[in-house]
Amino acid sequence: MSNVFIAFQTNEESRCIIDAIIQDNPNATINEQPAMIKIDVPDSLTIKRSTVEEKMGRAFDLQELQIHLITISGHLDESDEEFTLSWKQ
Amino acid sequence: MDMRVKKKLGIKERYTVMTRDLGWETTFQPMDDVFPYDKFEGIKIHDWDKWEDPFRLTMDAYWKYQAEKERKLYAIIDAFNQNNGHLGVTDARYINTLKLFLTGVSPLEYMAHRGFAHTGRQMRGVGPRVACQMQSLDEIRHIQTQIHSISNYNKYYNGFHDFTHMHSRLWYLSVPRSFFDDAITAGPFEYMVAIGFAFEYVLTNLLFVPFVSGAAYNGDMAATTFGFSAQSDEARHMTLGLECIKFMLEQDPDNLPIVQRWIDKWTWRGIRVLMLVGTMMDYMLPKRVMSWKEAWEIYFEQNGGALFNDLARYGIKVPKCAEQAGIDKEHITHQTWAALYQYGAATDFHTWIPNPEELDWLSAKYPNTFDKYYRPRLEHWAEEAKKGNRFYTKTLPQLCQVCQVPMFFTEPDDPTKISYRESDFKEEKYHFCSDPCKEIFDHEPEKYVQAWLPTHQVFQGNCFTEEADPAAPGFDPLAELLKYYHFNNGRDNMDFEGSEDQKNFAAWRNESVKN
Amino acid sequence: MAVVAIEKYEFSPADSQEKFNGNQVLYIGWEDHLMFCAPFAFAFPPTMIFKEILDKVIPDAFGYHPETSKIDWSQAEWFKSGKSWKPDVNKSLVENGLKHKDVLRFKTPGLKGIKGSCS
Amino acid sequence: MQIDLRTVSIKPLRYTFDHIAKRIGADKPASRYLEGTMDIQAVTNFHYRPLWDPKHTIFDTSRTAIKMKDWYALKDPRQFYYGTYTMARARMQEAADSNFDFVEDRGLADKFPAAAAKLALEVLLPLRHLEWGGNMNNMYICAYGYGTAITQPCNYQAMDHLGMAQYITRLGLVLGKDDSLQIAKSAWLDGAMWQELRHYIEDTFVMKDWFELFVANNLVLDGLLYPLVYQHIDKVLDDLGGPAVSLMTQFQSEWFVESVKWVDACIKVSVAESDENKAQLSAWAKAWRDRAIKTLLPLAKHALGTDAESIMESVVGEFNSRAAKLGLVL
């Protein structure tokens, strides 16, 4: 089993995104570093648009993640509703 | 008026009509003439339509999000400059990491811009071409945001003032320079493996995350912001590199050995360049986030391990050099700093001996190697420097023909022995620092015999200004070399202790705390 | 193996001897003294007498080390491309069979660098 | 302890980088455009020849017949570096977005008369492929051109063409039916009206001299096609069906006005450099203009009917006087 990860710059919007990730990925491990937050999850990590919208209280396009992202690891699959990183098999 | 009942397109379908549907099979000119470069490497592609688009950004979304990033970034740079943010960094030694960055790394961003323009024109499939083009555009962003962030430092500190000139000439900068020259002169698929995969996917986290986190830790918001902001594009680049590997491997089993060889070669080439970053982390950041060894373990051994586990289903193996790199992680930063220190008369940044606390930190982080092999020489140099006998080597070092690093790496099984390797090719002898570098040469000797090796170029008389006359009495080659580099001798180079940077920073900061 | 290129790809080596203004390149490393980070590179006239390396070149290039003055050349062991080798110090480089870009190492028994750390 | 760093007034040691100071003097700060552009491409000490082009160095002035003492004379009057470029485009994108929203919200596409919609789709949709051609050619110049002053804006120009190909596609999705894009692609590949144009652009795909490519695509083809389509044909569509299509092509109209400034600046400076350049650029411009006129005529006739010849004449007339102002002799 391998971890996938994603890292964000720390700011107000990414705080909501991270809350959403924690809610939807119970196995997530949070690792805070200067000015950034890294989240590791075994095998697969999903960011759901609906959860982020709930946390932010506004409409959210998953492509807005671009603004806050620092790095990722894993295969990416992106739809209008979900942004998923995974190691297959 | 007929009622048009149109289906709403999902992100994937929409992206398809917005990109790959734009291309067509040419008939007035043969496709092989329109795309002359994507076959000679031997990579077999049967169906370009099988390419899976990573991040599906259309241009309107790209402009929108990237402009928003730029507005934020430049607002921070402006605020940082207006507030003399440079005086808020931990100590003036930190600024030397930015010199190394601007002269060593930023010009590579530029090369990446041109390199992806090349693949963005030459890949036959529209999907990869669009992704490469966007990366080309991102890469010019990176060099420019770096120049713009560091521009203010150039106004107050030495060593930055002629970075593009230095990048093409300075001895140690031929390491990063030759790395990218090697990549861009390779065929388009090899370039994608070299930069898109090995560098952007396997190694980029080692460059940006620890370094930029380090900048944040040392109070440099401008560098932190350009670093993280650049890294946000990197996420897109990483998916491109990974997709490219998968695509090649899925297209034809014959591609596997070629791709594997490129992964082996470029992982190693990248590791050799990254020793400069590791050295920044271990020696140049006054406040340290993590050691190079720790960063290597997290970002290469763990994350890279996950990646290679995943690629195992295609038959890809962990690069052979990983084993040696795993041994080297305990050594290379100490070896590199020792080299930069003794050639400190010819570096465009300052060097120094770590203070006693810092030496202890290194001992703690490198319990197997630091005290045994490296502390004695550093302490000896510190004592000599105190006596006014600071160590500067004037004799040029032997260089590895491939990575161009001075031959300071040691044998994997004996850290007290320099690792010497050599090959003969067409009556000439060539020297290498390691087995992986020798293998790279042996595979493509016709390429590496062309290398512009700084030591040899000096001997050939190619590194002096036009006015210099090596036949004149009293000709001082080192002084003339520094002129060729455009050094302000005594200001850009030498020890941090006693430097103009050190004095100015202290005076300015002192002024800022008084009324 | 040969390089895979789109067409003929052949260039004369950047560092062949005729480009060194009559000199030849020689690399010299001192075993167990890694305080000098890498072997040094020199461009010497092929007719230079080997002894000059012992008398002038090495004291100059390696002189910063406290053990340099303790070198006993009668005890020193030489290696060329890693193999044991003996110079005739009164003969020239060419007469000693040294070619362009040869690499020499010397070992000085009893001298083990700063605090015996091979530095 | 909080340090108030703002209060310190310190005199800088220098105002800009040496290579910039050499160009503008050392006594003043430089613009972000200059610092991000000038001299940032390597010019010497290349390590290896390209495996894909062993006859040239990585960046090589001999990839074009045009010669410049200083390739950084080809500055961009818009002073675009990445930040100003993306912000400029983001503004245009926002306007385009609200135009598309306006058209869709008001159902203007459905109200657009069928005959006008048919013409708009026939004339505009195949151009998304031509835009893609413009993208490829500008990427070529960006990759193999010399000096960041000219290669950088070509990257922007290439992405603009991709963006415009996507706006045309979007127009097709709004105004057309599910198969409209496919029909237009078939027309591009086989329709008589488009073959000369497709031939033109495919010939530019195999051109080696990047400056000639700049002339053939950016100066000549864009210089004739955009006025024809986005002024004259646009007017016909507007007369036939109202402003819906104009709203959805506003980006292109605005873009052309802006990009002409840059293209003209590059040509003007390189023509003025030497008589040889002037003769070479004039010869290229003349040959490609003559061919472009022929390739565009079927399109003009289809859209403009009996007015086609006179309108083409005026478009060419304007192009000729523009070229004359740049010093070209056609």
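Each chain carries a letter (A, B, C and D) given by its place in the written order, and its residues are counted from 1.
In the analysis below, a residue touches a chain if its C-beta (ideal position, glycine included) is under 8 Å from a C-beta of that chain, and two chains touch if they have at least 3 such contacts.
Keep in mind that what you see is a predicted model, and the values were worked out from it rather than measured.
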**Item:** Central chain (distance from its CA mean to the mean of all protein CA atoms)
**Value:** B
**Item:** Mean-CA-position distance for chain C and chain B (Å)
**Value:** 31
**Message:** How many angstrom lie between the centres of chain A and chain C, each centre taken as the mean Cα position?
**Reply:** 56
**Message:** Report the inter-centroid distance (CA atoms only) between chain A and chain B in whole Å.
**Reply:** 27
**Sites on chain C at which at least two other chains make contact** = 3-6, 9, 11
**Complete:** Within chain D, the set of residues that touch 2 or more other chains is 49, 51-52
**Message:** Quick check: what residues of chain B touch more than one other chain, meaning two or more?
**Reply:** 36-37, 40, 66, 68, 187, 447, 450-452
**Asked** Quick one: do these chains touch in a line, a ring, a star, all-to-all (complete), or other?
**Response** other
**Complete:** In their shared complex, chain C is touched by residues of chain B numbered 36-37, 40-42, 187, 335, 338-339, 342, 372-374, 376-377, 380, 384, 389, 391, 393-399, 406-408, 410, 416-418, 420, 422, 426, 428-431, 442-447, 449-453, 455-456, 459-461
**Request:** Show which residues of chain D lie in contact with chain B when the two form their complex.
**Result:** 1, 3-8, 10, 12-19, 29, 32, 35-36, 39-52, 58-59, 81-83, 86-87, 89-90, 92-94, 96-97, 110-111, 114, 128-129, 131-132, 135-136, 139-140, 142-144, 148, 151-152, 155-156, 158-160, 162-163, 165-167, 169-170, 173, 177-178, 181, 185, 188-189, 198-199, 202-203, 205-206
**Residue numbers on chain B that touch chain A, as the complex places them** = 10-12, 54-57, 61, 65-66, 68-69, 72, 204-205, 208-209, 212-214, 216-217, 224, 228, 231-232, 234-236, 238-239, 242, 289, 302-303, 305-307, 309-310, 313
**Message:** Per the contact definition, I'd like the list of chain C residues that touch chain B in the complex.
**Reply:** 1-6, 9-16, 19-21, 23, 25, 27, 29, 31-32, 34-43, 60-61, 64, 81-82, 99-103, 105, 113-115, 117-119
**Asked** Which of the residues in chain A end up touching chain B in this complex?
**Response** 2-5, 7, 9, 33-36, 63-64, 66-76, 78-80, 87-89
